[in-house]
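Each of the two complexes below includes chain A, the first together with chain B, the second together with chain C.
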Partner chain A sequence: MRHRLVPRHEVLSKEEAEKLLKFYNVTKNEIPRIKKTDPALKDMDVKVGDIIKITRESPTSGVAIYYRVVIEG
Partner chain B sequence: MIVRKKICRIEFGLFSSKMIRKLSAAKIYTPNTYDEDGYPIEGGLMDPRLGVIDPGIRCKTCGGRLGECQGHFGHIELVRPVIHVGYAREIYLLLRATCRKCGRLLLSEEELKKYNPENMTKSQFNDIWERAIRVTDSEGSCPYCGEKQIKIKFVRPYSYYEGDDNLLVTDIKERFEKITDDDLKFIGIKVRPEWMILSCIPVLPITARPSITLESSDRSEDDLTHKLVDILRINQRLEENINSGAPQLIIEDLWDLLQYHVATYFDNGITGIPPARHRSGRPLKTIAQRLKGKEGRFRKNLSGKRVNFSARTVIGPDPNISINEVGVPEVIALELTVPEEVNERNIEDLRKCILNGPKKHPGAVNVITSIGRRRILEENKEEIAKNLQYGDIVERHIQDGDIAIFNRQPSLHRISMMCHYVRVLPHNTLRLNTAVCAPYNADFDGDEMNIHIPQSEEAMAEAEILMKVQECIISPRHGKPIIGGRHDHVTGVYLLTKKGVEFTRSEALKLTQGIIKLPKGKDKFTGKEIFQELLPRDFSIEYKGKLCKKCEKCLKERCEIEAYVKIKNGKLLSGIIDAEGMSGKLLEKLFVKYGSDVAREFIDNSTKLAIRVVMKFGFTISADDWKLSEKARKRIDELIEKAKLDVDKLIQEYKSGRLKIIPGKSLEESLEDYAIMDLGNARNLAGKAAEEDVGFNSAVIMAKTGARGSLLNLTQMSAVVGQQAVRGKRIKRGYYGRTLPHFKKGDVSAEANGFVTNSFSTGLTPTEYFFHSMGGRESLVDTAIRTARSGYMQRRLINALQDLKINDDGTVRGDSNVVVQFKYGEDGIDPMKKCYLEIE
Partner chain C sequence: MNLDELPKSIRERLNEMKGSERKRFIENYKKALVVPGEAVGTVAAQSIGEPGTQMTLRTFHYAGVAELSVPLGLPRLIEIIDAKKTPTNSIMTIFLNEKHKKDKEYAEKLASRLQERLLSDVCDMRIDVQNRELIIETRDKDAKKILKKLTGSEENKEKFIIKKESLSELKKMKNKLEKKKIRGIKGIKRVFVRKNNDEYVIYTEGSNLKSVLNLEGVDKFRTTTNDIFQIYETLGIEAARNAIIEEAKKVLDEQGLDVDIRHIMLVADQMTVTGEVQAVGRTGISGAKESVLARAAFEETEKHILNAAIYGEVDNLDGVAENIIIGQPIPLGTGTVELAIKEFPFNLERRKSRKKK
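Moving on, here comes the complex of A and B:
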């Protein structure tokens, strides 16, 4: 989905996801979630358990990066 | 040992009648509580088997004494069953979802086969509920026995009708007993539905509803006891009537009354029924009322508690104590204590405290030795002092230098609670330096504040390092100083540092005595030379002060009005120190470059010096400060007249359709915007004219240096009050087609729509006064509503965010380490520390 009001959502590769979890020393249960049915993921091919990288514009830091794990729903 | 386990779920259930009886220590059957001798009756509500509330008596059930026995439940057998009000809705749903004859779920076997009862989702449950209910609502028939269902009506809070017939609670219970456990699995109900109907009710232990003995030795019972007495009375009457074969109508009336009492026993705030009242007319506080709301168990006793080692009284100002200190009245110092461990360095001091006893100021109240705690009394103080040993702990009065946490409600941000050093002072108020009023939002019109005395070394160290006033000079909100000189302090340094202020050595010494040292061998001092002694020797800064007019080309140190401050190597080369110096850029840089100690010293000393300066020069304002010359008055009148004409012209344009529309607004809105703009500009211009005319008097000095007041205040007092607004628009409301009957209908002129031409000193006309009051009332209401709403929002936010913390890796994490933000505030910057990035 491309729109200026929707921040960029991308799926992390398996390696990237593992690296991320290791970097923050977290499990998938401990990071924020996103429903599989979320409109932002509408035309993306995601599975439950995938990690989504969200790149947003931020008033404080310019660009902010956020991660969410896909859950059932 | 710490057991770390995760709670995966909490399940709430219901007690069956059988369970209630099993848990019961006594069957309660009589409404009488005490016999003639005042002893509790067996089977009454004060039955001794329910626990003990009097000292010296042992519990009949467990043998424990007061404090050992936590009480035991009893039960009341109801003659007729009643609805549990907490489940009235669920009962209604179940009645509709099941067959009135066979009690099966109104969904055929085939349809149910599609679902796996062991693994259902929420939406599947909802699905089944909806479809089953639809059968009854559409008066369809049961797929099992073929019985035609009848519509059911629910009348809040606890009546049910099938068609036109009242459904008796006994009938409901019978129906529910027929529902099979297998069917219940499909609708997510894990208890037997007949448990929602009460055949007996638990009686709370007397420890949960203790009676109090009044001075007159009368007993006063708890509200719950009163309520239970009501239940028992009606229960008894109902039984008598049934046994004597009274007509059904009377029995049903009594039954309904029993239902009412049982319902209000649980919750006395149910809508639709009158609350049960005490003899005095006060509504009874029953179970729900004990828990609910601000005064309930959760908010009153669990989220917040009363504490020891705290004090509260009216506050007063004291410019002579440091910002780090709080003045504590001696009477309070006699009540508050800190534990101090005896060692070789403090033993003599502590001995003196003990010898002073508990009633003389630096005294002590208790001593804790290896044997135990002992109270210090006049009789034993000498002996205790003599036997004092290293390692003993003395609970001594608070003294100068002890740590206190000072707080003013509403505690909206972290700097509403700061750590101060105690300073024991005479008189009865808590005292604080006026430079710390801002973070507490305190003034001295009767405000009260609290102090708390930390009781352990850890707590004291933590408070001192993290919460001390000098560590809070920079606000975490905007990263700029929030503590610092204000009001007269600013006026004072202005008077001191402006051009042409000179002192002889003796005058200068008088001003600075006890604050700063003056350089030796100098006979004359300018004000700037005195001020610069407050600054570190190697301090340099350049900034534009509050006085700056934002000229197009800044003349810097040659600025005519001395708005450009230049400090080099501790010398104030040019510029007047104003609010920007006392609590702005200057202070910020001092804090960042030299740390909190230097910043605190600067605030302490500069404010003291400033106050001496104002006292030496004197500083007054009077009504004359706003008096305008004839010429200026005329000029202002012209400006206003012109603005009014402009508005008239706009109206002409509007009527003839020549008005230019502002994009995104309607024609009318555009007219309003233009009018507000014109009138606003007129006021600004009038203000400028007034400012020029009055010159540089005290009022203007205060406004321009940022000490107090604004140029708008000045304009409104001397030139013109200006447009009044309600809901951000000119005043349009009131009578049909006009704002007040003093105007013609459809008058769109400035005066008729809330423009106040007069100034506060010329005085408002009645219509102007009315418009002004309209605007004033709106802002009053707005603040009232804003505080209520923001208070509620604050509660919700605090409850939601209270256990978030920032980890070492910069992530914000909540309970059990869940990540909330990957980088605090997205940029990982603490606003309180952000000034370190900006300065050098």
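Moving on, here comes the complex of A and C:
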């Protein structure tokens, strides 16, 4: 589904996810979450524990990248 | 400083600069960055809170489109922050797709199809107590169809009679029939078509994003509602975050208040961290804090302290409120840094002895 309010969602590969967690020195429990049933993930193949890379359009910095971990729900 | 990490717009501007100007620009940029340990949450709360005191308290004004009443000002802001499931007056802005956006007739046709019509809107219903009958009179075609099916009559007449044994059954039947939808979309009470910058836009009172987005001729990219919970349900958590920012900014701008959007973005981010929209307050963010003392200091003190005692909760004293309560320096600003001791004086002896071996 494409909508003005929905930014781009992508699944990170395993290596990318590990690199990210290492870079920020965090565990998966410490980053923001997104539900597995979220409408924005409908067309994507996601598992619980995957990390979603969200490319937001930010009014302050042009493009901002945000990460969320997929949780049950 | 790694220039690749800079936002694109800043990088582009940097590329145009040279020498001392460039140096000064980078320096100023660094100065403007928020330093680690800054109390961004507190600053955001105050930056939204203070202008909030200047807002008009009662502004149920008629905004944008004439006939639609939307809560504005403080009531609306509170609605957004409290993540209310059903706003007092929701409004949809329905755009038409490329093909139909300049077609007035099409817009009006679509608009008339949107409006929710209940059986009670087009029928005259009454109960004849003496004969134990429910008498329904109508001229509406769709209503007739439904009633025909229900009563099983073949004739094309305007009066339908339903017989039941008891009065209470009749009442039940009447209540059920009154709420029966004959056409339109659930929740949409009134519809208007307006010309807006060369295209026809449909505004509705009441909203139902999911159903409207599935309609033909609707621009699925731009059509929105001001009901944040509906956006969350149909478009997801990121869309809800964007909607919170947009709606809050709109309210503040309308009142002529200049609040930096970063503060609103922070609030929106916090409201959506868990993957669903949380209110700010004891039912949401503040109530989900880890520290017992911080929760007790906020609202419902007895409840939190009692529960903490029952379940044996432990407070790690990581936050601000709990450290103020016990009289310690708070972990903010320079207080974020903790004392760390190098191995040096303690393990020196051991290391020496290891070397000897």
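Quick notes
Quick note on the criterion: the second predicted complex is superposed on the first by the 73 of 73 C-alpha atoms of A that agree within 3 Å, B and C clash if a C-alpha of one lies under 4 Å from a C-alpha of the other, contacts with A are read in each partner's own complex, and residues count from 1 in each chain.
Basically, contacts are C-beta pairs under 8 Å (C-beta built on N, C-alpha and C of every residue); 3 or more make two chains touch, one makes a residue touch a chain.
Small disclaimer: the values here were computed from a predicted structure and weren't measured.
In the overlay built on the shared chain, the residue A:Pro32 is in contact with chain B and with chain C. Applying the stated contact rule after C-alpha superposition, one finds that A:Ser61 touches each of chain B and chain C. After overlaying the two complexes on the shared chain, residue contacts for A:Tyr24 are found with chain B alone; chain C is out of touch.
Counting the residues of chain A that each partner touches, chain B and chain C differ, and the larger count belongs to C.
Comparing the two complexes, residues 32, 58, 60-61, 64 of chain A contact chain B in one case and chain C in the other. Note for the complex: chain A touches chain B at residues 24-26, 29-32, 58, 60-61, 64-67.
Looking at the complex, you find that chain C touches chain A at residues 7-10, 220-222, 224, 231, 233-239, 242-243, 246, 261-262, 265, 269, 272-276. Against chain A, in their complex, chain B makes its touches with residues 809, 811, 816-823, 825-829. Interface residues of chain A facing chain C in the complex, by the touch rule stated above, are 1-7, 9, 32-35, 38-41, 54, 56, 58-64, 68, 71, 73.
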